[in-house]
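Both complexes shown next keep chain A, but they swap its partner, so chain B is in the first and chain C is in the second.
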Partner chain A sequence: MKTLVFACLLSLLTGSLQAQTFITRNGYAGFFSKTPLEDIKAENRQLYAVIDATKKNLAFTCLVKGFLFPKQLMQEHFNENYIESDKFPKATFVGNYTGDVNAANAGKYPVQIKGQLTLHGVTQTIDVPGTIEVRDNKLIGASEFKLTPGDFNIKIPALVSEKIAKQIDVRVLVECNPK
Partner chain B sequence: MRRNLLTATLCFFLFTVSSSAQDSALLNMLNDSLSKDAKPEVVSGTFKATQLINTPTAEAPAKKTLQFLIMHRFGELSDGAYELFGLDNAEIRFGLDYGIADFLSVGVGRSSLDKTCDANFKLKLLRQTAGKIPVSVSLYELMSYTSFPKKADKPFLTSRFRTAYTSQLLIASKLSRKLSLQLSPTLIHFNMVSTPKDKNDVFALGLGGRMKITNRMSIDAEYNVLPGNQVVSSKVYNSLSLGLDIETGGHVFQLVFTNSRGMIGPYYLAKTSGQWSDGDIYFGFNISRAFNFKRKE
Partner chain C sequence: MKKKSVFFSGMVLLVAIIAATAFYMYQKPRTSLADVKADYSVSAKDLYAAFQQDEKKASQQFVEKVVEVTGTVDNVQVSDSTISVLLVGDEMGGVNCSVRKNQDGAETTPAKGATVKVKGRCVGFLMDVNIVDAVIEK
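Moving on, here comes the complex of A and B:
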């Protein structure tokens, strides 16, 4: 009896030991739109990210107001007219990844990330490729993918439709430290 | 044995519960941390344009942004069909404004009315901040020089006499995502007035606001009160203007109706001779275009 309880406790303990959580508060998310008329770029360096290497779960969140544009007017239009940051202040992602990442062995591992992305109050399932690199006791997650504004109920007026790409390139880079 | 099984089940149950709750727990943990770190937000986009209709707003062109502004007023609607309800005549002001810093812009302008040049600056003194500062405050200073009539015709009208100064404190507040209001106490100093009874220092109070009807359109109104006994030699009225803002990318179009012919402080505040009730209404528009001089990174 005692042995069993001990074994159970041990398994719980080791379980929590193995639950290696990696976290950052200054991850990077950027998006890019290229058209012959205009290039648009916005970057957010205050992306909060957490990766649970045991359960292969991950989550991201950021304030959409944290996306900075080289042109201030664009930033204002992004917040006021497109993403409506007063109504929907956050962008979040929660999901998991498949692929073998050994947090004990340095190296770059390809992964497939699947989960729920919430933007502009709309939640969509995305399934995108990425990499997780193990280096210096850190997990460095990276992914590049495309999003369509219309999928998130972001309307682009006909008058400026030539200036905004149909699909927006998104880049995410997070350097997570052990919690 | 049964007890052993029970304990084992319990342990297993505990373990699974702690792992399945992980998914949303991760996000909740991040969101908590995000809200805890959040700094008070500076309110942006109080107005779409740098002017309500005639009155400047607390907004100014951003750093390294040049704004070209055309303000245009046709003749009076009451002119009738012969003058095509005012469309045969027009007054115009061209303006260039440049953002030196995020808190300071400078500008120059030229109005066809009395061939008036102006130079101005706008200094953002206070920015509205959620939960901390309820209003944005900007200081607007405009110096105007009237070059009509010609010096050759009126040699005694030296530069000094042709100059006036307008100082405005623009106190604005974005009350909701749709509604913004502005109060603008103004002092105008004329170096020369028509008669000794007219005051050289004229005080006026502007009230105005905008109501968004869509994300890119808003209805604007402004009313400028000129208290009596300041301009007495000519009949002047308070200035009332209504407008519709349409924003498209770097442009803001404003369609306006106003009883003021002039588009800079000394004119629309202290020399508005039209009256809405008499049909002295000028239709017109403001068009602004922003050019960016920030080098691409």
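Moving on, here comes the complex of A and C:
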């Protein structure tokens, strides 16, 4: 009887140890550009994210065409002229985080996220601050940072350069459930 | 003299029309697909299988097209602006539909296991086929 209880406990424990991978298919990524002439906003609600809380790895991917703009024409220009989504349909990030996140303890933990971001066929290392919150058996990752279009070989024509910020604000929010 | 002024006012009018049209086009919001006829009508399983077997070919056929997808609801997730409906493809993935909430927020949330028909714009394939600007059809 004792061994049976022990075996049950052990399987429960290892079970919970294995459940350290958290995923979502519906994460959020948005970017914002604010200039006196024009405010630009685009949001993607189909950001796929995996967070491995044991290895502290994380990976994100989304389809560039999934970024939706309030203005139709702006969305077309973004896809055709700037990000060339037919040629480079996906954006990905693979990296890891530092910071003590205890998936068993509820709370909001500050982290530093570092990894490779691939956009428009160009891969750059980014190192950005963020938070990981443990709540209701979920991992909620959030980060805000800035990107420069030129770093990803995205050319902004001189004609519209006044309308597009030199640095674009990026927001990421993922609510991941145990796998 | 008279001819010249007629010509001149005609030009002004033309420029004004062009400017107004350009402004209108520029400000035009992203179109809702509610009244747009679907280019394709498929089951979620078939659409998923098409991308799974040959992503390149399926992309050429479906991406940027309005598709009407019928399938079984695997999962539903509601956020402030979007209802994410995942339709069953196979055990690996399915069709992930981002449904825009109505202005009045009256969009009905489908139940898990229900069969629904969703119309939206296909944007490609990751783990699932991704559909955006979707509307749930009765």
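In this text, the second predicted complex is superposed on the first by the 160 of 179 C-alpha atoms of A that agree within 3 Å, B and C clash if a C-alpha of one lies under 4 Å from a C-alpha of the other, contacts with A are read in each partner's own complex, and residues count from 1 in each chain.
Convention: a residue touches a chain if its C-beta (ideal position, glycine included) is under 8 Å from a C-beta of that chain, and two chains touch if they have at least 3 such contacts.
If you're wondering where the values come from, they're calculated on a predicted model, not measured in any experiment.
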- Message: For the combined arrangement obtained by superposing on chain A, do chain B and chain C clash, or do they fit?
- Response: clash
- Message: Taking the superposition on A as described, I'd like to know which of chain B and chain C A:A142 touches: first, second, both or neither.
- Response: neither
- Task: Scan A:P157 for contacts with chain B and chain C and give back first, second, both or neither.
- Result: first
- Residues of chain A touched: more by chain B or chain C? B
- Message: Between chain B and chain C, whom does A:I126 touch in the aligned arrangement: first, second, both, or neither?
- Response: neither
- Based on the superposed arrangement, let me know which partner A:E80 touches: chain B (first), chain C (second), both, or neither? first
- Query: In the superposed arrangement, does A:A49 touch chain B (first), chain C (second), both or neither?
  - Reply: first
- Task: Name the contact category of A:K71: first (chain B only), second (chain C only), both, or neither.
- Result: both
- Message: Output check: A:L63 vs chain B and chain C. Expected answer is one of first, second, both, neither. What do you get?
- Response: both
- Would you sort A:N26 into first (chain B), second (chain C), both or neither based on which partner it touches? second
- Query: Which of 9-17, 45-53 or 63-71 in chain B clashes with chain C after superposition?
  - Reply: 63-71
- Query: On chain A, what residues does chain B touch that chain C touches as well?
  - Reply: 25, 48, 61-63, 65, 70-73, 90
- Message: Looking at the complex, which residues from chain A come into contact with chain B?
- Response: 1, 4-5, 8-9, 11-12, 15-16, 21, 25, 39, 41, 48-50, 52, 55, 57-63, 65, 70-73, 76-77, 79-81, 84, 86-87, 90, 92, 94, 96, 157, 159-160, 163
- Item | Touching residues on chain C, where the partner in the complex is chain A | 25-31, 59, 63-64, 77, 79, 81-82, 84, 86, 96, 98, 123-128, 130, 132-133
- chain A residues touching chain C in their complex are 25-26, 28, 45-46, 48, 61-63, 65-66, 68-73, 75, 89-90
- Parts of chain B lying in touch with chain A, wherever the complex brings them together: 3-4, 7-8, 11, 14-15, 18-19, 22-24, 26-27, 29-31, 33-34, 37-38, 41, 44-45, 62-63, 65, 102, 177, 215-216, 247-250, 290, 292, 294, 296-297
